[in-house]
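Labels run A, B, C and D following the written order; every chain starts at residue 1.
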Amino acid sequence: MMAAIKSMPMSGKVGAVLAACWLFLALFGPWLAPHSANEIVAYDVFEPLGGDYILGTDYIGRDVFSRILDGTRFTIFIPLLAAALACSVGTLIALYSAVSHPRTDEIISRFMDALISIPSKIFSLVMIAAFGSSVPILLTITAISYMPGSFRIARSLAVNVANLDFVTVARTRGESRLYLAVKEILPNILHPMLADFGLRFVFVVLLLSSLSFLGLGVQPPEADLGSLVRENLSGLAEGAPAVIVPAIAIATITIAVNLVIDSLRGAATYAARGR
Amino acid sequence: MTAHIIVEHLYVEAGPTEQPVTIVDDVSFSLQRGEVLALIGESGSGKTTIALTLLGYARPGCRIIGGSVMVGKDNMADKAESQLAGLRGRKVAYVAQSAAAAFNPSRRIMDQVVESALMHGLMTRKEAEAKAVTLFANLSLPSPETIGRRYPHEVSGGQLQRLMAAMALICDPELVIFDEPTTALDVTTQVDVLKAFKVAVKATNTTAVYVSHDLAVVAQMADRILVLQRGRVVENNPTDRILNDAEHPYTQQLLNAVQNNDTVQNKEHSDVVLDIGDIEAGYGKITKAGKPEIPILSGISLKVLRGQTVGIIGESGSGKSTFARVIAGLLPASAGYMVLNNQELPSAIADRGKRECQHIQMVFQNADTALNPSHKVADILGRPLTFFHGLKGEAQKERVAELLELVKLPVALADRKCGALSGGQKQRINLARALAAEPSVILCDEVTSALDTVVAAAILDLLEELQARLNIAIVFISHDISTVKSLCDEVLVLYKGKKVEHGSGSSFACAPYHPYTDLLVSSVPTLDPEWLDSRKRDLDALDISVQNTDDLCRFRDRCPVKLGDQCNTEAPPLRTLTSGKSVLCHRDQAMLVAQ
Amino acid sequence: MKNNKQDAALRGGHLGSRRAILKSLGAAGLVTAASGLVLPAHVLAQLTDDKPEAQPRQGGRIRVATNSSSTRDTLDPAKASLSTDYVRMYMVYSGLTQFNRELGADLALAETIESDNQQDWHITLRSGVTFHDGKSLTPQDVVYSLMRHKDPDVTSRVAPIAAQFEEVVVTGERSLRIMLKAPNADLPVMLASSNFCVVADGTTDFSRTANGTGPYQLKEFSAGVRTIGVRNPNFWKPGKPYLDEIELVGIADESSRVNALLSGDIQMVLAVDPRSTKRVKRSGTCDVMQTESSLYTNLVMRQDAYPTNNPDFVMAIKYMTDRELIKRALFRGYATIANDHPVAPSHKYFHHELPQRPYDIDRAKFHLKKAGMNGLRVPIFASPVATGSVDMAALMQLSGIEAGVHLGINRVPADGYWSNHWMKHPLGFGNINPRVSLDELFSLFFKSDAPWNESGWQNQQFDQLLLAARGEGDDAKRKQMYWDMQELIHQHCGIGIPVFMNLIDGYDKRVKGIFPIPTGGLMGYSFAEHVWLDA
Amino acid sequence: MKVIFQLIIKRIGLSIITLFIVSAVVFFIANLLPGDAAQEMLGQSATPEAVAALREAYGLNDPPLTRYAKWLTGLVTGDAGMSLANSRPVSELISSRLSKSLLLAGLTTVIAVPFAMLLGIVAAMYSGRRVDKIMNIATLSMVAVPEFLLATIFVLIFAVELNWLPSLSYIPADAGVYEYFRAFALPVATLCIVLSAQMARMTRAAVLEQLSQPYVEMALLKGSPLSRAVLRHALPNAVGPIVNAVALSLSYLLGGVVIVEVIFNYPGVASLMVDAVTNRDMPLLQACAMLFCTGYLILVLIADLSAILANPKLRTGG
């Protein structure tokens, strides 16, 4: 891991550091918060930077800094888990369909197409209307809506690998499909899927914030960064930090992750060329 | 008179600037106008890198860090991109290794051939195209007027390679760089391409640099030969000098690798291991006629005896690899039978039992793709051991060690990932994996063609030795008849999915041959520099019209000794010659000898 | 005052039958309306900044945005359910009566409404009123318009109220008679609701056309997109309406709505967030109108479920609601402290001697201990549709922690809240629109058999008082009864009402003639006939 | 051309299957929704009898499968059914909105695609250099900003402060080109930024991929300057992946634009579908889902076709 970071270009290192910082905040943010995230501390709403409250106050006078520290964990962990879920499930299904009969493969692909073609926001809307909005539900929804995408990528990768000689060799040995999928193919698509995982993460972060716009996101009084932006939107006119800071936070998180992915990709391609 | 090309103290390095690797190390040479210099050495010797510096070009990740590269009055080593762009293609031209890759698939050939002429504003499109057509003709390309209108994928590899030469010569450059231009080609096509190049170059008195790893080929083309090893010049002498009395041991190695030692051994063969009869196979759905939509093989029969080596020869498209796949069960035959160790062998892998799978092992041409890059050597060799013989833990470890020894690799390799290994080592691992199963038949598909000559020779020796020790049967598939002749007890020549000649290895020592076999044999370059000029041209139609379906002789369109329309109307008989081999041809023994 | 003129005009409309009206409508508090000069203080406060204005100007077009609009938008009074619908109804239709700024009703299509026993009502219609298609108004139209609510196939939203109609019959070419099942002095006010607007006899298809007698004729209607009305030249109020055209759109997102107002794309918007008022005022071109209403978001504590069926728990909750904080933090002061009963201070029957319930954690603690519910965990259901409920829940949660009860907030999406969550959980929120007649309010939400008895409250005494008050002609007695009912709710009902929210509308200062009508935003949704555009 | 024809036929076949699956999935999920059109219709005033009556009227009492079958047969016979929320034919509701959605999507496409291409190509040409790095960060930031924030910022600046553009994308009946431009400026700008970032990155990747091919090296060694090598050689071969990326991004323009539609109060199909959900208006919901799916499939088909047309090898079925 450290080696991987060492081999990264500058941008990658920056990204890694940023990401690490956010991860840290996500883990320990709530303990660092000067106030309780939900306590109304000031009469004035949308207070500016500095002053009694580092990042001012929000639309009902809560301490923005504390709320951000508290909300980061949602913006980090939900996407993290969701993306992990989406990628792993997508990859596994992809592997399965790559090694199984063309017809099965076809059916699975059709089904995934179907899923992709349903706009994720509306899918979420329906699901949340059906099951209510809770963290587990949000996880499931976001995971489901990005799984087909992962599947597409994983499948195309897997199919390519499946046609390589070493897989054929294993076949001539009479190996089981499971072995082919897990032992021969999987290790060789892991790396690109890692990059894909990063992308999914970013997508989920953004989907979450759009959901919070539609009032379907994380449940108050908790709020992920997206919801913070949303609930303080009316403060945008007076340039309240309550809306701008969380927005910047989201931006830095996504950018950081992307930088890391890109440099990982770069490393991968370099390795490929080296071989 | 001063030399045309003068390269002095050239250094090129690669990799990240922090810890660079010097890949061209103090190389100097010079070349008179009109001379042809060959750069020879195995992959990684830096020959291509040097050639590219003559265009002032270094591949991504590489940097020219020292020395001068004088082409005429221009020092290509210290020119700005913009200036270089003006020189490239006009003054110095490049013919790439794989024309198939070096032609833009989405643009018509003519556009690409004339492009540089137009870019440099040397002539109008009309003139350029006219010139191109004449070049096509000189390069003895079929229907020169129209071939330019085609897309790259619509012409054969050999033709593409020559078209590339035309592309290089369109601006009458002073210097042409040929970068392994024929390695990707079949022997028969290679000859024509080489001929064409030689003529073209001599005609225009162009200086040429010819990059290759094949001494025999180089012998035909070059006036001087520069032998490279790990980025350094080990020998730089006129061709005949190199051929006759090479100074450097490495050069001698190269020479020996080419000298094919015709030692046909006659071992005692006992029982039949694999008996294959009247195989029909192909791709696509099975039609009502019971044949696949795209038939490849028809009526192939073969008996393989224990400890015997059977050679299958053919060029690309002959169906030799398909044959291997059929035996391995990857492509179930649509007709015919297979018997393994006196037991009916199901045609589809799915229907085969573990034992059957174990007894037929396949070794693929390209070790890079045949070994899972993410596995350790130990895993790769260990898997068949556990899978077939249930070996685990220590026992497995030991066996792996034995296997490595068997293929003459250090045991330490066991825990390396095979991405880190050299081509030769990979191929040995590849072989060891097959042996691990303790099979009775090994299918070797072009196991040497991806390797440098020296390395390839070593692998062949290994094969022979192993077979002698383990007494396994080997089906050796190759396009290189000389190798097969020297290696195999029995040889089978495929042409477009049909067996045209079949006999003992010894019977291939000399004529008579089937006309196609004859073509193959005579197409293999020798170290005699005169050889190429003595060769007669093969016919080269733009599209070989023969379908793989009818029973007529499929070689007839290219056959130099074709008998009028008999060949076009009647199916050729399978006649047995005195040498004991059978030949699929209308000509009888006498006529064949006469050719 | 700018309104003298129109009121005079109105009075002129029914001077002849003044006695009858006073007799009949006194109960409903139209005395002030009849001589419309004395205005309640809170209304005056709103009007101080309009200087006395010149003759209202004819012409001009404005665009108006409400906060809700969907494919469910309708032209059928019986189906009107959202603010956009209400506005649309008052644009194209008129009712027998209409709301005025004193929470009472003025006569509209009705010229007189008389009754001696509050059960048997005689109505004469204004003469010379015509529908948009030229057909003139007949009693039959009114009969049809009222009785159709009882037809199940119409799926009227006021079916429960219409159930009171025993029968409605034509008694003359301009007169009709409404027989109620039981006396109800508030009928005239009831009839002013947009659902009881008058449509032409026999109209069944409301999908594209609306043939009413209202101030504007329907020019374009596409559900969920927009409604355009053009001036009705033969509107029955002489000289009215003033504008040539009104376009009505729904903008769900508050900040978009306000931005649209500030950028001049919209001239009037409904429901401005208290936090946006600063911006609107600062703009200079626009201003806000505040309407004190009896709109409230309330805690619902089911009497038939644990733990809310425990009166001490209910008390605890009531004591741990920090009304001041809610008013200040959630509504930026645009609210009126409530006293756990649904009658707003502005209402003439408001019980002002009932002591205000304070924010008192210790009392809450005491009650919790008494109930033995210390450290109890209770889920509380809130939703964006119940305005402010989510933030209220958050505040309740905090004071809950102090008092020693843990409230776990479940925010459920707006969509489907009313059918799936409202009144379905022990502890949740409701959101009740202003009802002018306390009778309607109580019978809809507090009577033991009320259709939406939110807390499932059963109280015989209350029910009896309600029925009695309905039939009571004497205002003093009636008032006393309503006071008693308020006290009952305040003490025993499982409903906690922290504040009444003031309605805030935003408007472009060039729009004139606006004044608050407490039944709803945008002048009780009936701005269409009143406003005019200053050049 | 024959190849293309076959492909289209094959695709249409597959698409029908996919559509079928979508309809099934949507129907299934929709059935999980609590409450139904009847309840939503009556809202607070829902008395059991009334609801029952309405259910009967809507045929909501039949078992789900029967309803699904009914709906499906209706659709096959070209009848998408009646909207439950406001008794108008679904087809009518959609068609009025669809044209608007397509207009918005079209405008966005026309602007976003070339813009993205340009960014991507330039970035690829100077990959590793400063230009590339800056663009990388720029595009990333573009992706990273929640679109509702972006939209609101635009409105505040251009509509509220500067008063150049309307804050609602409202088109008067007698709108001229100028009004159109003004009305669409902000939503289109928002969508462009949201979309082009992704497309630009994909384009860059695709072009870079080609730049590593031998024929590009060959072009350089023939003396063509980098720009020519990229535009004349690499780009034509990168078309396949690029159009694919574009297609995927554009498929977002039908269903994904809910937020933009809400903020600019633009009556598009996305918000229609949201209404359908809130009103439990199954026929409408289903129809919208079908619509989005079809749109997606068409886009993908177009992408594949253009990829084929760009590649002579596939084109001639070689």
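Simple rule for what comes next: contacts are C-beta pairs under 8 Å (C-beta built on N, C-alpha and C of every residue); 3 or more make two chains touch, one makes a residue touch a chain.
Keep in mind that this is a model prediction, so the values were computed, not measured.
Chain centres defined as mean CA positions place D nearest to the mean of all protein CA atoms. Looking at C-D and A-B, the interface holding more C-beta pairs in contact is that of C-D. Per-chain CA centroids place chain C at a distance of 41 Å from chain D.
We define each chain's centre as the mean of its Cα atoms; on that basis chain A and chain B are separated by 48 Å. Chain A and chain C have centres, each the mean of its CA atoms, that are 46 Å apart. Chain geometry summary: the mean Cα position of chain B and that of chain C are 89 Å apart.
Among the residues of chain D, those in touch with two or more other chains are 33-34, 152, 156, 160, 262, 277-278.
Residues of chain A found to touch two or more other chains are 125, 129, 233, 236-237. Shared contact sites, meaning residues of chain C that touch two or more other chains, fall at 255, 414-416.
Those residues of chain B whose C-beta lies close enough to touch chain A in the complex are 61, 328-330, 349, 352-354, 357-358, 360-362, 364, 366, 368-375, 383-384, 387-388, 419, 433, 437.
For chain A in complex with chain B, the residues that touch the partner chain are 164-166, 168-175, 184, 187-188, 190, 273, 275. Interface of chain C with chain A (complex): residues 254-255, 258, 273, 275-276, 279, 325, 328-330, 332, 384, 390-391, 393-395, 397-398, 409-416. Contact residues on chain B toward chain D in their complex (touch as defined above): 52, 55, 57, 59-60, 81-82, 84-90, 93-94, 96, 98, 101-107, 115-116, 119-120, 151, 153-154, 167. For chain D in complex with chain A, the residues that touch the partner chain are 14, 17-19, 21-22, 25-26, 29-30, 32-34, 133, 136-137, 140-141, 143-149, 152-153, 156, 160, 251-252, 254-256, 258-259, 262, 270, 273-274, 277-278, 285, 288-289, 292-293, 295-297, 300.
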